[in-house]
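Following are the structures in question.
You will see two complexes here that share chain A, one where it goes with chain B and one where it goes with chain C.
Let's look at the complex of A and B:
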């Protein structure tokens, strides 16, 4: 195949970016809907089952039509699935208020920064090792070109992801400060302290994976760690411990329950986004859920088996000759990401919020020593076995 | 020991097991129409599915008849006397072949009723009851004056407005 021209590279890049964005923009509202339903079911109720319209406008005429047909005017099919559309429409059409004393430029910049940091990470994540499929030959310009599993196959992908993901905290801190209000400010300060604290064990928990794989490339790391090629069978131990440390830190990084102190509503109204409304608030919301997906993708790729069936480098049990189960698949990756997202919601339905000192205790006294011990174990296994 | 307990979060796992158990139960019962009778969740999908009410729910006042179709009320006026808002008005009358007095008129002003059930408790003949009907809204004030005659204001039949609420017993 001849090397791609600049135009072709740009076109393929744009296509891949749009494809990933579409998937994420569908997944985020579905995730909010799943959150309502899963928490509802876990608390022995039903969650959102119906969508009712308003008293004016389009939905009102729909309602009247349904009354005229002798039906109760609520959309309740698929156990309330229309709710996720209604949620998105509500966020987009709501009035966007900027407080009079707020710093307008920073106030607008903050949610953008948050969302860009969350979405930029998706560019370095590989959803499939190598080429997913080739574009049809008959298409002009891009005919026959490969559709890669990653938008950008960055050589130091892990560093890129960690660096960009930690930019997201700027959005929260800047937004909190620019609101010119005490509760957002307190929430932002808490968030900064929390994310700075948990960045350390998060990175330390990923280092065993880097040591065992011997590379920083996202795709190569994932393939080596899940197939376990060139790795001792004992490598399961640091990967297993690392998975739990990483997911715990991931909960804290994404400001999710039980570490959602920045938005502790009993103390801080709604935390850093108290003054935000409309689509600016929607951006923060979007960024939080996108971050959840990113954390799930990383946990899946490095610890949970990536594109292969079995987690923690146990894939070597299944030889590559077995059809489907022995081969990498996009479906395995998505299934595992969905499972981890379910765990995120499941934990939210179960655990209450930690107190602030408890949060710092967990981070500094337990997770950092534990991840250092884990790093030591991984290093010993790498060089002794 | 405390360190080990912190490192291995058994209580978190127990909590997750509990919520997971309930999630599974509700998930597998709520989404299948066939097992509607054994639903595990507490949410009542009211307009579509009739509400499950407690047996002692206090709905609208209803006059009862016995097996022969005779009105059980004997006009002792106990309910009229005990009613705190005085919504019951009874007019005594006589009927051929009946020893006890017979209510010629039994008026019930529902707009003032507070549904306290004193009337039912005071009744020595079990001749009135508060049924399980709670959809009692109406467009006209006259519709709240119930008596022994008429269709929509009949003290014997359940109100025709209540499409979805259970009106039995």
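Let's look at the complex of A and C:
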């Protein structure tokens, strides 16, 4: 096949970006809905079951429809689904307030930075190793071109992801500073200290995976780590420990419970986004949920088996001749990502918030030494076996 | 370098998306300005002091420690990829490097920099 021209590269890039963004924009509202429902059921209540509205008109018939859905076993879980549409409409039509004392340019720039950091990361994540399908031959310009499992399959994928993801903290700090108000400032400081503290164990927990795989390419790393080719069976140990350190740090990096101190309602109102309203707040919200998806994608790809059925290099038990189960699949990847997203919500329903000194202790006194030891174990396993 | 073009494209789209949605919502949203609405939020009380005060030096300390450890991970990254090729030499070199780092880590711990009151 001849190499692609620049125009073809851009056209294919656009198509893949739109495809990924559509999936993300479907997943984020579903995630907010799932969060309500799962927490609701965890607290023995129903969660959202209907939209607000009068006795007549569109919302009334919608509510009647959802009442009927409640009588069907599986469907009953999904009533209340239109609530996320209502949420989006509310955010868009809400009055946008920029406080008089705020720094207007930075105040507007901060949510954009958050969104760029959260969404830009999706470009280096591979959802499938290799080509998913080819574009139809008859299409002009892009006919017969491959639709890859990643938007950009770069050889320093992991490094790029870590670099861009850490830009996200600027969005939070700048937004907090530009608000020129006390609660956001305190929330922003806490958030910066927290994200910065957990970034070290986060990177250190990924290093055993890099050592064992010997590459930084997202797709190659994931395939090597789940199929376990050229790896000793003992590699399960550092990968298993690394998985738990990484997920813990992922919770802290995305400001989720039990590490949601930057947004601790009882102390800081809403933390760094107290002064934000309307869609400016909406984009912070979007970035937070997109970050959750990114953390789940990374944890899945490197520690949880990626595109294969079994994690931690155990895939070699199933020979490649077995249909479906022996092959990589986009479905396995998405199923595992969804499972980890469920864990995010599950933890929120279960654990209380940490105190600030406990948070710092966990990061600096436990996770950093643990991840260094884990790194050493991985190095010895890679060297000796 | 061609492989990086889609990344740039996605970053551009991600940056334009908020601007686009904000312009759209500008057409739909109401606007009723008032002095109280545009003042800084302080639980309903009129703010008496400026928000941008001096902050605890603890946060500064965390940033400095982060810098040390982040540079360390930058050193570890290329070594981790070339681990098998560098073999025993790399392992010993990194062992010495990590030992020195652990020494410094023990020092900041003993000085109480990691204890948050």
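Please note the rule applied: the second predicted complex is superposed on the first by the 360 of 385 C-alpha atoms of A that agree within 3 Å, B and C clash if a C-alpha of one lies under 4 Å from a C-alpha of the other, contacts with A are read in each partner's own complex, and residues count from 1 in each chain.
By our rule, a residue touches a chain if its C-beta (ideal position, glycine included) is under 8 Å from a C-beta of that chain, and two chains touch if they have at least 3 such contacts.
These numbers were taken from a predicted model, which means no experiment stands behind them.
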Exercise. Thinking of the overlay built on chain A, is A:288 touched by chain B (first), by chain C (second), by both, or by neither?
Worked result: neither
Exercise. If you stack the two complexes on chain A, which partner ends up touching A:21: first (chain B), second (chain C), both, or neither?
Worked result: second
For this session: Scan A:196 for contacts with chain B and chain C and give back first, second, both or neither.
Result: second
Exercise. Which of the two, chain B or chain C, is in touch with more residues of chain A?
Worked result: C
For this session: Answer with first, second, both or neither: which of chain B and chain C does A:260 touch in the superposed model?
Result: neither
For this session: Would you sort A:35 into first (chain B), second (chain C), both or neither based on which partner it touches?
Result: neither
Exercise. Does the superposition put A:93 against chain B (first), chain C (second), both, or neither?
Worked result: second
Exercise. Which residues form the common part of the chain A surface touched by chain B and by chain C?
Worked result: none
Problem set entry | Interface residues, chain C side, partner chain A - complex | 2-7, 9-11, 13-15, 17-19, 21-22, 24-26, 28-32, 35, 37-43, 47, 51-52, 55-56, 58-59, 62-63, 65-66, 69-70, 73, 76-77, 80-84, 87-88, 91, 94, 98, 102, 105, 109, 114-117
Problem set entry | Footprint of chain B on chain A - complex, ascending | 38, 40-46, 49, 72, 74, 76, 79, 346-347, 349-351, 366, 370
For this session: Give every residue of chain A touching chain C within the complex, in rising order.
Result: 4, 6, 9-10, 12-14, 16-17, 21, 92-101, 111-112, 115-116, 118-120, 122-124, 151-154, 159-160, 177, 179-183, 185, 189, 192-193, 196-197, 199-200, 203-204, 207, 210-211, 214-216, 269, 274-275, 278-280, 282-283, 356-357, 360-361, 364-365, 368-369, 372, 375-376, 379, 382-383
Seminar exercise, completed: Within the complex, chain A is touched by chain B residues 6-7, 12, 15-16, 18-20, 22-23, 25-27, 30-31, 40-43, 45, 47-48
